[in-house]
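What follows is a pair of complexes built around chain A, which joins chain B in one and chain C in the other.
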Partner chain A sequence: MIGRITLQLALLLIFAPLPLGVINKTKALFAGRVGPPLLQPYYDLARLWRKGFVISRTTTWVFLAGPVVGLVVPLLAALLLPFGGLTAPISFTGDLILFVYLFGLSRFFTAAAALDTGSSFEGMGAAREVTFSCLAEPTLLFSLLVLASGAKSLNLGALFGPQLAGQWQNGNSASLGLIFVALFVVLLVENSRIPFDDPNTHLELTMVHEVMVLDHSGPALGMILYGAAMKLMVLSAMLVRIAVPAQTGSLLFDLLIFLAGLLMLAVLIGIVESTMARLQLPRIPQVLVGTTLLSIFALILVLR
Partner chain B sequence: MNRSKIYRFRHGLAVPLAELALLDFTQFRETLLDEVASGARVVAYFGLPVDREVELYSIFAHDWTSELALIRTRVCGSFPSLTPECPQLHLFERELAEQFGLRPEGHPWLKPVRFHRAWIDAADIWGRPAGEQPIPGDMEFYRVEGEEVHEVAVGPVHAGVIEPGHFRFQCHGEQVMHLEISLGYQHRGIEQLLTGGPHPSSVYQMEAAAGDTTVGHTTVYAQLLESLANCKVPLRAQALRAIALELERLANHVGDIGALAGDVGFLPTASFCGRLRGDYLNLTAELCGSRFGRGLIRPGGVGFDLDGTLPLPFLERLKQLEENTRGAIELCFDSPSVLGRFEGTGLVKADAAEALGLVGVAARACGLVRDVRLHHPFGGLCDRFDTPIIEFDGDVFARSNVRRREIYASFELLHQLFKNLPEGEIRLPLGPLAAESLAVSLSEGWRGEVVHTAITDAQGRIARYKIIDPSFHNWSGLALSLRGGQISDFPLCNKSFNLSYCGVDL
Partner chain C sequence: MLWFLIGLVLISVSGLPGLFLRRDGTGGERLASLLTLAGALFGLLGVTAALTAGSALSLNLPWSLPGEFLALRLDPISVIFLLPLFLVTVCGAIYGLGYWPQRQHPASGRKLRLFYGLISGAMMLLLAARSGLLFLLAWEAMALCGYFLITTDERTAQVRRAGYIYLIATHCGTLALFGLFTLLDFHSGSLLFPAAATLAAAGSSTMFLLGLFGFGMKAGLMPLHIWLPGAHAAAPSHASALLSGIMIKMGIYGLVRLTSFFAEIPPWWGWTLLLLGAVSGILGVALAIAQHDIKRLLAYHSVENIGIITIGLGLALLGRSYDQPTLTLLGLSGALLHVVNHGLFKPLLFLTAGSVIHTVGSREIDHFGGLLKRQRWTGLFFLGGAVAICGLPPFNGFVSEWLIYLGVFAVVQYPGSQLSLSLLAAPALALIGGLALACFVKVFGVTFLGEARSPAAAQAHEAPPSMLWPMGLLLFASAWIGLFPMSFRALLESAAKAWGGPIPPRLTESMAPLGAISVAGWLLLILLSLIGWLLWRRSQNAPRALGTWGCGYQFPACSMQYTASSFADSLVRLFRFGLWSRRQGGNLTALLPARGEFSSHTPDLILDRTLIPAFASIAWLFRWLSRLFQNGVVAIYLLYVALTLITLLTLLAR
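Take a look at the complex of A and B:
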């Protein structure tokens, strides 16, 4: 048990920033640039960690709770989820609800930390983030329910367990395809990627997630970035598992398949970001309602 | 002496002030409103202090007859504002109020423009303490109050490397009800530096009036002095000026389309255009050694000639660049997700654009046919330009499409200009300026109409120099385009206008 937990956390902590490097490299290739080194996200984290804090006098402890919760939540969530063929270290009935709302908790604290600064920008960003994620939440829940009804179980370990491979064959493939698309959209929304948000923009009026963390600096910003990278990896892990439900039985091979899947997904995100412009802000809720409908439809297909 | 009430003349001629009647204000006001009603635009409206009074000059452009018109009057202390009947004067009147302590009675939006002390010994109409430098942005902003209404202030320090300006949004949720823009952070007093000139340093100050419009502003400055000195510029020099102007247009338009793509997060075009802009700047550098065309345009002609062998490799490089540019631009205009962002965003209606007197790209995107190259050409190159680019929708798409089509038109123009490059002199000595005269000079810079006006004194020195950058008119257009729009669309709208801050601050 302790060994499994350590392995899972070590995987997450070590590999989380890598997909970001892959995304940036892919985008650079599409733009005809060399781009930053693959390991740039690691260098950035190291650089931020060496810096000092600058904390506004108007803020309270909530301001620092945001980054801390943002860092801890993906670590906890990762313990509930199988990474590829590796089984989940902690598993109990109904843990999928905990999984979904752990991210809700982190969002609450990030938004509270943003409001704590009293800046009109950050308030605007918090309002946007909360609006979009509460629309993304049903999609995530319905998608998990689709998997749950296939697996006849309510724990994530079983949902993403060895039975998933069978689902693709026994007539549920249409549903799985639909929720893959829906979850991919959730992945992009939750991790503030194009077309829903632009992680590279400097235009504070258009930002969603980035504007909430404008006042954080140094190690606090590092914690936020690290937390975001881990969140990307945890959510990606679900998609990778749905797309590649292979189970070799060998720990090493399962691990390699999982990591390769993660990097492929990062390339896919990079391609989407390079070929699409950002959506207009009022369009985002419409897209999210669309994906909710998509996941409900998938559920109907499974229950039929 | 025969003095006409209104003096009509053509671009490139100096007006002897003795031939211009001094109207009383009622007459001035009626003539001005009549002219505007008959389709003229006010291209300049400014004051010259005389004794204890201020002489007001208004210059009109009749675009379709290629004619300019001039009237003047004298005011003291206060005068009834013309802005309610003629909104395009609103900034000019605010400027007069700030420079000479005049009060335009009944001006609906009487606030400082550049936050400097009055030019003459006059009381400040806003009651700011005398002898103290006013602080930019220190004024009453328009405020909306009520449930769920909030105010967002951006700048003057921005997140990107751009010029300083302050933007105040009154928002209801994500919707903008009103945007107020306050500039003046870069006021250098360029107009006053020219008084008593032209000085040896003047041409360098013109090059820096708005750095991205170096060729535009120096061309207009040179034309102005040539008009006053009655100097006929050699055709070759004029062609070289036209080439530089089109290269400046290309560099800026290509850069703008890249920036627009970057703002909506469409990376390939953003990166390609960023590089291509540099290539166009390098072409200008090959012409004169400066990427922004500094040192190229000089009163009387141009400072550098194009070597006999240079046009050929120049054209070859241009051809290569044209291919790459078309590729990068079409990639962006073929993407539905980009068009979805551009279309319908930042609308300015044609009648609003006309009332505010918008110029350049912003005006042509609203369906207004305003292009100095067509209407008021200078010198002997009249026949080169006959197709202004017009779009009708007035949104971000229209403004970017005007740019895209102007880029393609500029390629054509450059090819023609290179092919028909006249031989001969490139610079003539500039004689003394005509005394007690006024001259107006216009040019279609990449952003729009650049206007300079000068009045000379009895010794032929400049008594008053007036610079009007297209941004001066168009900032109000940007504020209007945000009405009822999304606050998250502001950066995109802003980029689609891409106005100069220092061109207004002067």
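Take a look at the complex of A and C:
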């Protein structure tokens, strides 16, 4: 078990920033630019970690707690999830609820850290973040219910286990497809990607997630970026597993399939970001409610 | 049982000696706290004896009132409700020394202490009572003491109004309970409570509906919650803590006890509770988000949490109706554990809110701000309570919500049954959780973070130790259940057994791996402190003289911070169909607009939007009728007499 945990954490810590590089490269290709090198996110993290802090006198310890929780939560959540064909290192009945609520904890502290600066922009970002996330939450739960009723089990290890391949074949493919779409939307919302949020914008008024971390600097900002990268990887791992449930039995091949899937998903995100415009803020809740309805249809299909 | 009775008497009379002592002395309040502490210890001794004795302790004394015996009994279900009662009563009594000192409140302090002790004693009696008459006596004593606690500060009109509404609501509920116990007497042949799962189905549905109304009124289930927000906002904070943490749970206790009597449970009971629970949960938290008064906000969260408990109880009933013992066990343990948990973190939140109100002198969230720097401990305790009430790990709220989720997810293992509909409870719980998180980020952020929003908040000071220790104790208990949930396993198992019906004997690790939750909680804490320490060390030599970046603007002011109403605005707009907030002003038109104002206010959906207008129009109708008939013309009055006589004669002359 210790070996499994180490392997999983090593995978997460090493590969997490890579999809971000792939997304940026894809977007650059679409725009006809060369773009930053693939490993740019790694350079950024290293540079931020070496830098010093600037801390506003308004803030308290909560300001630092935000980045810390944001980093620890994906680490723990990753241990509950199977990465591709690898089995989940920690698995118990009901761990899927822990998974969902862990991300709730990180949201609580990120938003609180934003409010700690007393800046109205960051307050605005925090308000939008908690609003959109609480609309994304039912979708996630519906998707997990669909997967749980397919797997007849309540732990993530089994939900994303070898039985997924069987489900695609015997008639559950429609609901799995719907779930894939719904979870993809959740992924875009939770990781603040276009069309819900723009990680690259420089206009504070329009930002959601990025504006919450406006006042963070140096190692704290590095932790936030690293945590966000790991969150992207953890949520992507679910999607990759649903899309590619194949399993060879050999550790190395399973690993390679998983990583390839991860990069493909990053390319997909890059394409979505390049081809779509940002949604108007009032439209976002409508899209999220629509996605929830989609996942309800998936549940009805499974339970019929 | 003797220990328990000694404890009961000690707590009940704790406020009595103060009546004979000096009005402005500290002797009475200290003695009251001491008596409460002693009483709670004696009570705890009695409860431990009841648990270790194997079988429940009981006492039957002959008495001359109807109902054969003065029957008292302590079983695991009562114990679950008693444990938070002892802790909260003691914490509140000690907290009251600093919050409502006799010296500063010579007029109301003694009354507050008298009824604080009496209500705690009445609730202890209520939980131990095993005959309908005794139960009703204790219930009425509790309800009346509650009224006096709410109207402690009776000089304000708002408080008196809250008290009247409470009094009307609670007596409507009691009326239903009179009907309930009369029916129970009629069907079981005795005023004594029947044993678990023995009562036949005859008349059970009427009894359930009467109980749902009476107990639901006390618990504050959604359409019946009308008295709750005003009452909890009006009472002194430690009394609100007791009312919100413990007293409303007596409604839940009544429902749990009542449903345990019946041998057969019709499916619609469970469905009704599930629906009411989901409605209370979602609308409760949505109304909470829209509030600006911190105590009203916390009161609406009580409605939300009662909703979560009711969802759990509904699942348990469905498990009984559809013969799914696992579902029953998980739903009931989740509901009962949430009773304990809410009984810990809600008083904690009320006490911390009281500490803030005490120093700032206002209940408006937008008058606080930046308090974490001046009230370190209060802020920390509030944060703990907020994380717990949002159901986030590693605190106790997560464990009980997780058990209820497990119950819901257990349904997926029985495909094709009608139970599938109850799966909708899981996304409802998720929505409740997400909204609660939004609400508590708002409260914590606006109250404790940023810069002070009023001169009073800038001058705030930390509460005295006598107020901090009770909060710390409650947070410790919350964290304990979150980190060692296994310690409650045995109690929950025996409570489920006492509830009756076919039930798995054990809450096994494969059914609900509480051990794994404990490990995950510790892992989270260890990692957080490790990485937190790392970052903290790096941040030590950072310059701290700079202000927050104002995006280029040089002169930011405190009033430019995001306010509570703006934070909640997008969610309030989303829920406008259920909230109907009133918004005034806020439209700036010209290029260089003149001074403008904006305010938003969200009145209660049932009380302010439905009941009061309805009753007002009925009152108007009757006033109109009375003006029509009593018009002061003597001839018309004589005509009424003549008409009545003629009518009576024709009727009687048959």
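Convention: the second predicted complex is superposed on the first by the 304 of 304 C-alpha atoms of A that agree within 3 Å, B and C clash if a C-alpha of one lies under 4 Å from a C-alpha of the other, contacts with A are read in each partner's own complex, and residues count from 1 in each chain.
The rule is short, and it goes like this: a contact is a pair of C-beta atoms (placed from the backbone, for glycine too) under 8 Å apart; a residue touches a chain by one contact, two chains touch by 3 or more.
All of these numbers come straight from a predicted model, not from anything done at the bench.
> Counting residues of chain A touched by each partner, does chain B or chain C come out ahead?
C
> A:Ala112 contacts which: chain B (first), chain C (second), both, neither?
second
> In the superposed arrangement, does A:Met124 touch chain B (first), chain C (second), both or neither?
Once the two structures are laid over each other on A, A:Met124 reaches both partners.
> By the touch definition at the top of the document, which applies to A:Gly249: first (chain B), second (chain C), both, or neither?
In the superposed model, A:Gly249 contacts neither chain B nor chain C.
> Considering only touches as defined above, state whether A:Glu273 meets chain B (first), chain C (second), both or neither.
Only chain B is touched by A:Glu273; chain C is not.
> Could you look at A:Pro138 and tell me whether it touches chain B, chain C, both or neither (first, second, both, neither)?
Second partner only, chain C.
> One more residue to check, A:Gly3. First (chain B), second (chain C), both or neither?
It touches nothing on chain B or chain C.
> Figure out whether A:Leu154 sits in contact with chain B (first) or chain C (second), or with both, or with neither.
second
> Intersection of chain A residues contacting chain B with those contacting chain C?
120-121, 123-124, 128, 204
> Help me check something: in the complex, which residues belonging to chain A touch chain C?
52-62, 64-65, 67-69, 71-72, 75-76, 90, 92-98, 100-102, 104-105, 107-108, 111-112, 114-124, 126-128, 130-131, 133-135, 137-138, 140-142, 145, 148-149, 152, 154, 204, 214-215, 218-220, 223, 285, 292, 299, 303
> What residues of chain A sit close enough to touch chain B in their complex?
27, 30-33, 120-121, 123-124, 128, 194-195, 198, 200-206, 273-283
> Within the complex, which stretch of chain B touches chain A?
Result: residues 150-154, 159-160, 174, 261, 263-268, 270-272, 275, 335, 337-338, 340-341, 345, 486-492 of chain B touch chain A.
> Contact residues on chain C for chain A in the complex?
Of all residues in chain C, those touching chain A are 370, 372-373, 379, 383, 386-387, 390-393, 398, 401-402, 405-406, 409-410, 412-413, 415-416, 420, 423, 426-431, 433-435, 437-438, 440-442, 444-446, 448-451, 510-513, 516-517, 520, 523-524, 527-528, 531-532, 535-536, 538-539, 541-551, 556, 558, 560-562, 566-571, 574.
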